[in-house]
Each structure stands twice: as structure tokens, then as C-alpha cells.
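Both complexes below contain subunit A, partnered by subunit B and then by subunit C.
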Partner chain A sequence: METFRILIVDDEDDFREAIMKRLRARKMEVAGANSGPKALEMLDEQEFDVIVLDVKMPGMDGIETLRAIKQKKPLVEVIMLTGHASVESGIQGMQLGAFDYVMKPVALDDLMDKLRQAYERRVLQLEYGRKNI
Partner chain B sequence: MTDSTPHLPGQESWPGLWHHLAVYGSSWLVAMLAIILGMFVSLLLGLVAALAAGLSFLTIHRLLRQKAVADQEKHLVDEQLLQSQKLAALGKLSAGLAHEINNPLAIIRQEAEWLLFLCRQSEPLDMTEAISGLRQILKQVDRSREITTNLLNFARRQQPIVQAVNLNRLVGDMVRLVAKETEQRRITVVTQLAPDLPSINSDAPLLRQVILNLLNNAMQAIDQDGTITISTQPTEPEAILIQIHDTGCGISKELLPRIFDPFFTTKPQGKGTGLGLSICHGIIERLGGTITVASEVGKGSTFTVKLPITLTPKEI
Partner chain C sequence: MGTILGNLKTLWRSLVKKEAVEEDIGGVFRFKYGLFKELLNSNTQLLNIITDMEEKLKGHQLFGMSYIRANASRAVFHAFRMVKSLDVLSGHRYSQLYPVLEEIHQKIKAELETKREGTAAALVLPYAAIFKEMVDVVGGKNAHLGEAQNRLQLPVPLGFAITTNAYDAFLAHNDLVEEINKRKLAIDINDVESIRQTSEEIQALIIAAQMPPALEQAILEAYEDMARQLGRGEALRVSLRSSAIGEDSDLSYAGQYLTALNVTADRLLSTYKTIVASLYTPQAISYRLVKGIRDEDTAMSVACLQMVDAKASGVMYSRHPVRILEDNIIINAVWGLGPYVVEGILTPDTYIVAKDADFTILSTQVMPKPVQLVNNPTGGVEERPVPPENQEAPCLTPEQMQTLASYALQLEKHYGVPQDIEWALDQEDRLLILQSRPLRLKKPTAGDVQAIPRLEGYPLLVEGGAVACAGVGCGPAYYVRDLADLKDFPDGGVLVANHSSPQFVIVMGRAAGIVADHGSVSGHMAALTREFGVPTILGAEGASKAIAPGTEVTVDAYSGRVYQGRVRELLELQQPRETHMQGTPVYQTLRRVADLVIPLNLVDPQAPTFTAENCQTLHDISRFVHENSYKVMFQVSDLVSYEKGGAVKLTAPIPLDLYIVDLGEGLRDRDPRETTVTVANIASVPFQALLQGMLHPDLQGIEPRPIHVSGLLAVMREQMLAPVGDRFGDRSYAVISGKYLNFSSRVGYHYSVLDAYCGNTINNNYITFSFKGGAADDVRRNRRVRAIARVLEHYDFAVAVKGDQVQARFLKYPCPVIAEKLEMIGRLLLFTRQMDMLMNSEYSVELVVQNFLAGNYRLDRLSLGQREPEPSESTEVPSTEVRRE
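Right after this comes the complex of A and B.
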């Protein structure tokens, strides 16, 4: 299983730490951010393959953060994490280029599956970009 | 001798001949006459029939040709209509874009002219004023750059990334995403997912966008109390069908041909951009599939998406 770099963005510390711990156990490189601005800051400093982004956060929300992430790094894949189903944010997120939506609570296997697909997509996209430049 | 006329061989009198013939050859002659008559009649009939056939052939041929010409003309008109609709959409898009970029340009021009004016004054330049002007110009340049970057990203995203997609799962995920809202509106969502559906090679995020959009439209068409049925099934050749049926308000015959047009919407102002379905249409086309709609006012609508099992990415 290939290791890739994941950033978890969620304002709920316990949830974020728990998921980071479990992903690390699966040999992933994981970092965490407790807010949108913090995530953007980290994105300036280091490369990530996939970002797991909570939709509902105080201040800068997930949709706003997604927009900013895609402007900074269009090829980073983002999986939206949402506590409650929201059609509007769903449509908005997909249009802004989110890879998928995951509903809380999420089984780690499911999340892992989606992370893997998102990573695969990023690799394909990078390859495609290389071929066409 | 009762007959006074000398009877020479070969010189029989007419009544005699007639008699002779009547006695010995009548059946022969009648048969011959019948045959000749028959031939004549059948020849005549054949001629008439041939003439009729020829005429009708010509007529049918002419009719067919007329139909072909009419079809061609209709096709041409359709094509032209499509083309003009596309141009209209492009026009609207460019108008929006021009507006977006003209606004920062206008500010930049005002600030630059103001700075030029300040520089030409005889008294020393007011530095705070100059700096604020330059800052404003930089801000507007950034704003314009953002617009062009977004456009570029948009264009880049047009290229599908092909991965194995489990459609049943994808549909299930999207149904779950709308579950809360359907519940609030008392809408039942029925999923009929074919268990033997093969996984397809396609672009998952783009498909999610389409399914979510169609589910959202179905929900808005129903508003309250109704049923959305979403199904997947394999179909020939090498394709799969996704159908989304709602028991909503339906779309009238007049509007039906326009619903995939960009900027066309039946929703109240501010509720829809008129881009949802046109984006779906564009996405499905890029994924090598088709999207069609059947609808009846008051009964509901069915959107059918057909996708190839294997998508070979096309170069743009």
C-alpha cells in the first residue's frame, strides 16, 4: 500500500486527533489543521495529496476553504466531510471541484477507500498534466 | 342432285366454308380467337399496370425526395437553431466575463488617471494619496488575475480523469447526501440498483455532480410529498443506464427542448442559474454518454443518463 500525504481539516480536536491516529496506523503521512486559514497556511509550506475537509467550521467554512484551496493548488484532491446532509453545500462543493462527500460518522475503511481513489485521481491528473505540457 | 352449282374441289362457297368450319374447326378457331383476345387483353392490362406502376413509382420517388429535402432542411434549421443558441449562450458568457473584467479595469483606469493628474501638478506629490492609488491598482490586478485563474481552472477541469467507478455506490452516496432534505419535504427516495452492474471507467467527481444535480432538480420539481425513483441497469451495447424519475410538476412540451440550454431556467429568479442541466449535459457528453428527458406536466419527469462502460479519454 502506497503512502500518501493527507491533511485533516476539522475544528473538532478529538475527532481530528482520532482520525489522524488511525490513519497513521495505516502508514499514511497525516497532518491536521483546526481551521480553514490554518490549512491554507500549511498548504503554503508543504505538499499534500488529499485533504479531508469539514464542511461546517466556525469562521471560514468548508466551502470557502475549498475555494481557496483550489485556487492555490487546483490539483490537490479534497474530500468533504459533513455532519449533516446539505444539498446546497454538496452541489457547491462538487462544482468547486471536491472529489467526494463523506458523511459523519464515517467508517475508516470507507474513508480509506475514498482517500485511495482521490489519491489515484491525483496521480492520474499529474501524469496527464506532464504529458500535455 | 339438289345442289345445282358444280362442286369443285377447293372452291367451296362461303356458307359452305362456314358450315365446314363450323362443323370441323369451330372449337379450334374459338380457342385461337380466345387466345388472341386473351393475349391482347393481358397485353393491354399489363401495359396499363406497368404504366400505373411507373406512375406510382415516380410519385413515390418524388414524395420521398421531397421528404428527404424537407428532412434535410429541418435538420439544417435545427442545426442553425442549435448553433444560434450556442452563440447566444457564448454571447451571454462573454458578456458576463467582460463585465467581470471591465469592472477592475475601470477602477485601474480611474486610479491611473488620478495619479497622472497628481504627478503633473506643480506642488509636490502627496505620497499617501499616491500610495493608496497604487495599492488600489494592485488590488484590482489581483482581482482580474483571480478571474482568469478561475477560468483556466475551469477549462482544466473539463478534462475527465478516467478511473474505475462503482456507480451503485456513487448513487447511494449522493442519495444519502440529499436524505435530510428529502425527509423534510416528505419525499420518498426509492433506489433500484442492479446488483450485477459492472464498474465503469469514467470520472467519478463529474458523475457525482450530475447525479446530485438531477436529484436536486427532482426534489425541487416535487417540492413536497412525492417519490423519486433512481435506478441503474446494464444495457446494450457495453453501456449502463441511470434513470431518475420524479412525481413532480413536469415540464411542458414547449419548454422540453430548451431545458439543457445554458441559462434556461423555470425556477424563480435567484433560485436557479439555469446552468445545472446544461452543465450536466456537457459533462455527460464529455464522458461519452447521452442524457435525455421524458416528461408530462402534472405527472413528473424522467431523466435518463446512458454511459459507456469504457471511456476512452479524448484529447481536447
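Right after this comes the complex of A and C.
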């Protein structure tokens, strides 16, 4: 599988580090951020293809972060992780253009599938961006 | 998403204006296909969520509110993604689905909203103002104590309640609700370690949190009031006891929460926080999980009572908890403070008092009581030796026993149900009631009433223990020295310990029995064992030494004996353990949410009721969107005007109505003016392989027809009755490229999707195949699911069967191997289609599998082997038992 650039945004250090380590073991290019603002900062500095975003974070929560990400980089794909989420967050996430919404904890194989699908969508969208602008 | 909409508008515009050049049409199609794939993907995920909820609704698996919330929000998300994809794909011809989805979403949201209602806003309340009706504000323990004092004029210690309003204010002041909920997600119900870790984190959060100033002031003022009334000033010591919502109701949360004794003024506030934190001890978390109690429905009120400097303490039952036929009052007593009785550290004295006019004392059983727990002058409690002259003396005089018995009877009469009461005797020989709550009685069984004689032929390991929960259990003995040992407790093990502990609740769902050297049937743990129905023997001196760890033992918790080995005669008396989830509040919540997710009302796409407005559940929405997405995606008439990028029909001798969309290099040498292609035009490697399988000579030209094998007639009738259009299935669709295949078909209720990539890079190659069999209760359709699973497993697929769904994967093999498997799936799909008519018994699953593996595809030449007698439906093996990892 071709590699693409992934950003994991989660305030739980253990979870974030574990996922990053395992994705790296699969030769993925992975970075991590422990908060929404941190993620946005990183987004200014580097390019990412897919972002994995925890819905529940202290301070700026996942939905707010998603909104800001999409304003900055509309074509970055975002996979949301369910926290103790309200049903509302499913609707909001979709409205804001999240690609998928998965249960946490998530099996690595499943996450890989989603990441690949999200990346495919991004490639498709980028192709379109070029042709229609 | 704005961008999709934006792009699509541009797209439609360019299409309408016919400005798009030819190559763009392929691109347009690829873009549409991207959306379509998302729609299909969400459809799959939604079906997975539905299948999982159906499993949970059987009530055998544990789950909590976070499971329901997470999956309800995911289900809504995927339904939304499907609606949006379809709406965009169709150029906004399905916008009427949005309000329908929104309505269902609102209903689901309403089911998940917090139900506990706040009442009067007082942060603390003195006992003089508390009655049993105020249970929601002060918790059960406080409410019953107030009731005993104010309505029955029974002696209780002076004190006040810190209300649930105080609890809410404390959590809100620190934003704790969100924080706690988030941490709870890390819990894996079956992993004791994850529960322990989460518990530690949550408790640390609570203990580190700030008290709201108003609450701090209210507690300190109430304390000073109390001190003034008693003339004690700062020297007043109190006990702080949990009085959680629900703690004393039907479910006994016996001993799950904290009690702090002999608390000094300076530790009052920190101790309050510790007690609140005890809502999240590992055993309280597991208890609520196992019992299906929603965290939203619990709240901690705290009882703050004048500390009794007890000479003696204990527990009494207004009726025997196990020997239901005996209607006497049972009093347990030890010297000093009460915890040594309820925690099972000592085996207490037992006095039995009749409920007659004179409160006749029927028996006084005195146990050796070498130690006692007393107040430490600097705060807290400590163990002290009991003076030798008292060690083997009863703790109460006959008159005191009778006074207590009269209190017990008054409480039982007042509440109308037997009571479980904690009491203390102070230094002035005043008897005080510390707590009263309903006693959970176990239903009598045959074994309870009939005395079981000692059985010969089995080594007797233990005799003479007291029965805390009657029953029979058998399993390997597992010795628990301290709580850390619980981590590795084996399923179905018999827990052996020195003394009883309410903390054993963590493994009670899995224990076959419990045997402890010490502990009393009136302790907290005993109440829990009755709630979980774990056969339990306590006060069995020397049991932990007599039972070697790992030995298989049979616990006879009718007569208080433990035998070595499996005692067949006793195991016949074993009671089935009930499923815990059903009937719990969490289960009911899932039931109501599931009613908005699972039922499928839109079954027939031809029916006039198959409309957006008639969608009542998320399943309806997904079915409606799914059906229409194919129409939007594959309408030949729409696309035929384009010379590239349209759907074409395959003409081939297979019983499928098959449409093809080529994403690029999937077809060759085709006449651009034709809307049909033949097998010769297929260039897609994976699709070629699949078709090759479907075109296997032995499967050619076979269509369902009568065969004279018994048991087929019923299926044939169904075939004849089915509408003609359905008989040979709905349309099937293949989306292909040179190396890619996505093949989906729906036949009646069955729905299958095959997705495969077959190229030069081994690591990119895969096959995923999923098959959903339709209505979960349709045994026959389920059989096909299992037959398919068996075959795929035989061919080295990783297979998971859940309910009526098979999911199989085959990853990272060279192209020829992938092609070979696809060829097999082609045969399998056609073969099992015809086999539905043979799926009339369990035996037929085997028949189908054997014949397929042997290459016998002709129905008229099937090897039927030795037919078993026709099994009846009731002897079916439930589908869940064939689940494979």
C-alpha cells in the first residue's frame, strides 16, 4: 500500500502513542497532536492526508476542531473516534464533512481500512479540484 | 460537505452544458462511484451495528450506556452519510429524506437523555426534616433513617444528610461529568485490570476536585450545629456513610460504597470527596455494569452521623434470608464497631428471637471473638484485643436482644417487607439504629427445604459452613489471598478465601461458587452472592486449607458441604443462572433505542409504501437509500447517451440479471453503440475469474425445479408463491476495472457484496466478501449463512459469523491465487442460491458443504448420504454457536 500522511489527534497519550507506534510499524507516515489547537498549528506547518480525531477532548472538542480543520484544509479527510459522544455529534460530524465515525477502541486492521478509504476519497477529490477549478 | 456539493454543482453544470470532454465522463463517473462506495460502506457499517445490537438484545453480553451512546451516534452518522451521498448523487432528488432522518434522530436523542430529575435545591438537610419520600434527594440510607426517627420514633444517631444536589453542584463545579464519561470508555468489561485502572483515574479526579464554596460552608455549618446540640465543639467525631441513589432499593448495593468512621472536623470535607469517589471503586463499576445500571441514574448523597462509641455492634434480619420458611429475627453481634460483621472479618454471635408477643429468645450462639474494632482517639479506627472475660461472652443481654427484635419488627411492619438492619450499642447502653433497608430474600427451591444427607463415594473436604446463597456449583478451586488475585480468576472457578469480601463482586458473574473460612450470612458479600445467585458457603472453618487450589470441587450450598470432584447427584440440583442484562435499565434503554434503529418496515421495493416518508427506523432509511442508490447509479437509460461510462448488461448463460460499469480497462473490444456485452468482452481479471466460476459446466442451465427428495416441497411452495420477479433474484451489479471488482447482489432478503483487487503487488491484493442472510429468526436462511461460512473457512478465508451475517477476508496473495478463490466464490454463489431449497434441516448444512467441497453441483446427482430422521425445528443449534474468530 502506498504511504500517506496521517495525523492522530487525541488527548489520551497512551492511546495516541500506541496507535502511532503501530501505524509506523506498518510504514505509515504518522504524527500526533494532544489537542485541537496543537493539531491546527501542525496543519499550518505540514501537509496531511487523513486525520484521526477524538470527539471528546478537554478545551476545544473534536467537533470544534473538525470545523476549524475543514476551514483551513477542506480536502483533508477526517475520521472521527466516538468518545462518550452525544447522538448529536454523529449528525454534526457528518454535516462538517467527517469521512467516517468509528468506535474507540478500534482494531488496527479496521482503522487501516478506513484510512485507506479516506485516502482514496482524498485522491479522488484532489483530482476533481484540479479539473474543475 | 460544502466541497462535495460545490464540486458536484460544477459537475452538473458542465454536464448539462455538454462541455465535458469524453475523458471527463469517465472522471465524472469515478467521482460518482466514489460517493456510491461511501454509501455502500456506510450501509455495511450500519448493518454491522444492527447485527451487534441484535446480539446484545439477546441479553447474554454485558454492555453499558457508553456502548449504546457510541453506537446510536454511529448509526445516525452512517444513515446521514447514506442520505447525503444519495442526495448528492441524484442531483438532490432525495432531499425529503433529511427531515425523516432528523425526526428519528430526535427520538433517539430523547431516549438517551438523562432521566434523573433534580428536586429541592437544599445542599444539606437535618434528619428531623427527612422522610422516606425524599429518597431522590438524600438516597435510601438517609431516607430510611429519617423515616425511622420521624415516623417510628426509633433511636438513631444525630446527623444530617449531604444531598444529591450537593453532589450535582460538586460535579458541575469541576466539569467532572464529561471527564468521567470519557475515562469510562477505556473499560473493557471482561478485563479486571482495565476496570481497576479506570477506577483509579476517576477516583483521583474526584479527590483532586475543588469543593464549591457554598457547599463547603453548608457542610461546616451543619456540623457546627450538631456539635452545639451535643455540647462537643470541635471534638465531635462523625461517621460519613454513602447513601447513593438506588443503593437501598430493589437492588442491594451492599457494601459497594465507602463508609468512613470516626472522622475528625479537619478531615470532614476531604472524606466527603472520598465517599463520592467510591461511586467509582472497581467493584462499584463492575456492579453497575453487570447489573445494567446507568451511571446517569446514580448520584451520591452522604449521611453524616454522630460517631457512636460502640460497645457492641451488628446486623439483624427481620427474617432469615435463606431459610425462607423460618419467620424469626436473626441478630448478629460482635464487640466494638460493626465493620467486622459486615465485612466478614469475624464470625459473629447469632441470636435468634421469635416474633411472638414476648420476643422469646430461641437460641444464643456465641462465637469466639478475640479482636474488636474501636475508635482511635486521633481519628479513624483500630483493632484491639477483646478482654479475655468477654471473648466468649454474648455481646447483648437478653433484654437488649428483645429490644432490638422489637425495633426490627416495627421496621418490617412499617415498610411491609423484611428488613436488613445495622445497629450499635453505645457506652450508655443505648441501642441505636444505623441503617435499615429491604432484605433481599431468595426464592425457596426444592433443595432449600429438603435436608441433603452426606453423600458417600466423594471425599468430603468441608462441612459445617453456613449457607449464604443456596445452590450447587462445581469448578476448579481458586484461592484468593488478596484482590490482585482476582485478576486471573478463571471463568467457572470456585472462589476460596480466608474471609468474605464485597470486593469479590468483580468475579461473581463468573464464579461457580464461593467458600470462605470466615464471614456471616448477614454480611455485605452474602447479600451480593444472593443477588448474583452464586452458591456460597461462609464461616466454614479451615476450608481454605482443606481445599487445594486447582482441585475440582462441588459446592453443596444447601447443606454447607464441599466435596472433591464432580458430584453428579448434586449437580442435578443446579439452578440455571439467569441472564443479568434483561430487565435492567440499561437493557431497556437499548431496547427503546434499538426500536428506532433495527426494525425493517420497508421490505418490498415494488410496494407503494416504499417511500421516504414511510421510513420509521434507521434500517428503513438505509434500505430505501440503498435500493435507490442502485437506480441512480446504474440507470442504463440515463447513461446510455454517453458512449463511455454507462452501465451495460451482461449477456451470459447465468441466472443473474447482471449490469456492469467499467471504471477503466475492465471491458475490451466492445461496440460503443451496444448496451450489452458478452463474457468475451470482459477484461477485468477478478471479474473474469468470478464469471468463470459461475459458468462452471455443472452449474449450467440448472434452475430450481422439483426434485423428489423429501422435505423439499415446502421450499418449492415458497418458490411458486414468490412473485415472479423475485424468483431468480433482483439485479446484480459489477463495478470493474482491469484489476478491480465490486460485485453486489440482492436476492430476496439476502444481500452480498464481493470486493476484490487482483494486481501485481501481492500486498495490495485482497478479497472481502460479506453476506447477510435476512431476518434473524429465519432459521432456514441462517443455514445458508453457516454453509457459506464453512466453505469459505475451508478455503482459508478468515471468517466471522455473527447472527445472520458472514464476513470473510482473504488478503495479500499473488494474483493467480486470488483469481482461483474468486472462481470458487463464483461457483459457491450460484450453488448456494439453488441450495436454499435444500436448507430444510441442520443436516442440510453439512450436505451442502460436503457436496460443494466434493464438486457435486448437480442437484439431481447430489450425494445425499445417510439421511437422518427429520429433525424438528426446536432441536436447532442456535446460529451463534457456530461463531468463529
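The working rule: the second predicted complex is superposed on the first by the 130 of 133 C-alpha atoms of A that agree within 3 Å, B and C clash if a C-alpha of one lies under 4 Å from a C-alpha of the other, contacts with A are read in each partner's own complex, and residues count from 1 in each chain.
Everything that follows uses one rule, which is that a residue touches a chain if its C-beta (ideal position, glycine included) is under 8 Å from a C-beta of that chain, and two chains touch if they have at least 3 such contacts.
A quick note: this is a predicted structure, and the numbers were derived from the prediction, not measured.
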Partner chain in contact with A:104 - subunit B first, subunit C second, else both or neither: second
Touching partner for A:56 - first (subunit B), second (subunit C), both, neither: second
Most subunit A residues touched (candidates subunit B, subunit C): C
Touched partner set for A:41, first subunit B, second subunit C, both or neither: neither
Which of subunit B and subunit C A:91 touches, first, second, both or neither: both
Partner chain(s) touched by A:120 [first = subunit B, second = subunit C, both, neither]: both
Those residues of subunit A which subunit B touches in one complex and subunit C touches in the other: 70, 74, 82, 84-87, 90-91, 94-95, 97-101, 103, 117, 120-121, 124-125, 128
Of all residues in subunit B, those that touch subunit A in their complex: 146, 149-150, 153, 156-157, 159, 161-163, 173-174, 176-181, 204-205, 208-209, 212-213, 215-216, 219, 276, 279
Touching residues (chain side subunit C, partner subunit A) in the complex: 1-4, 7, 10-11, 14, 24, 27, 30-31, 34, 37-38, 41, 45, 66, 69-78, 80-81, 84, 105, 108-109, 112, 178-179, 181-182, 184-186, 763-764
Interfacial residue positions of subunit A with respect to subunit B in the complex: 70-71, 74, 82, 84-87, 90-91, 94-95, 97-101, 103, 117, 120-121, 124-125, 128
Of subunit A, residues touching subunit C in the complex: 1, 12, 56, 58, 70, 74-75, 80, 82-91, 93-104, 117, 120-121, 124-125, 127-129, 131-132
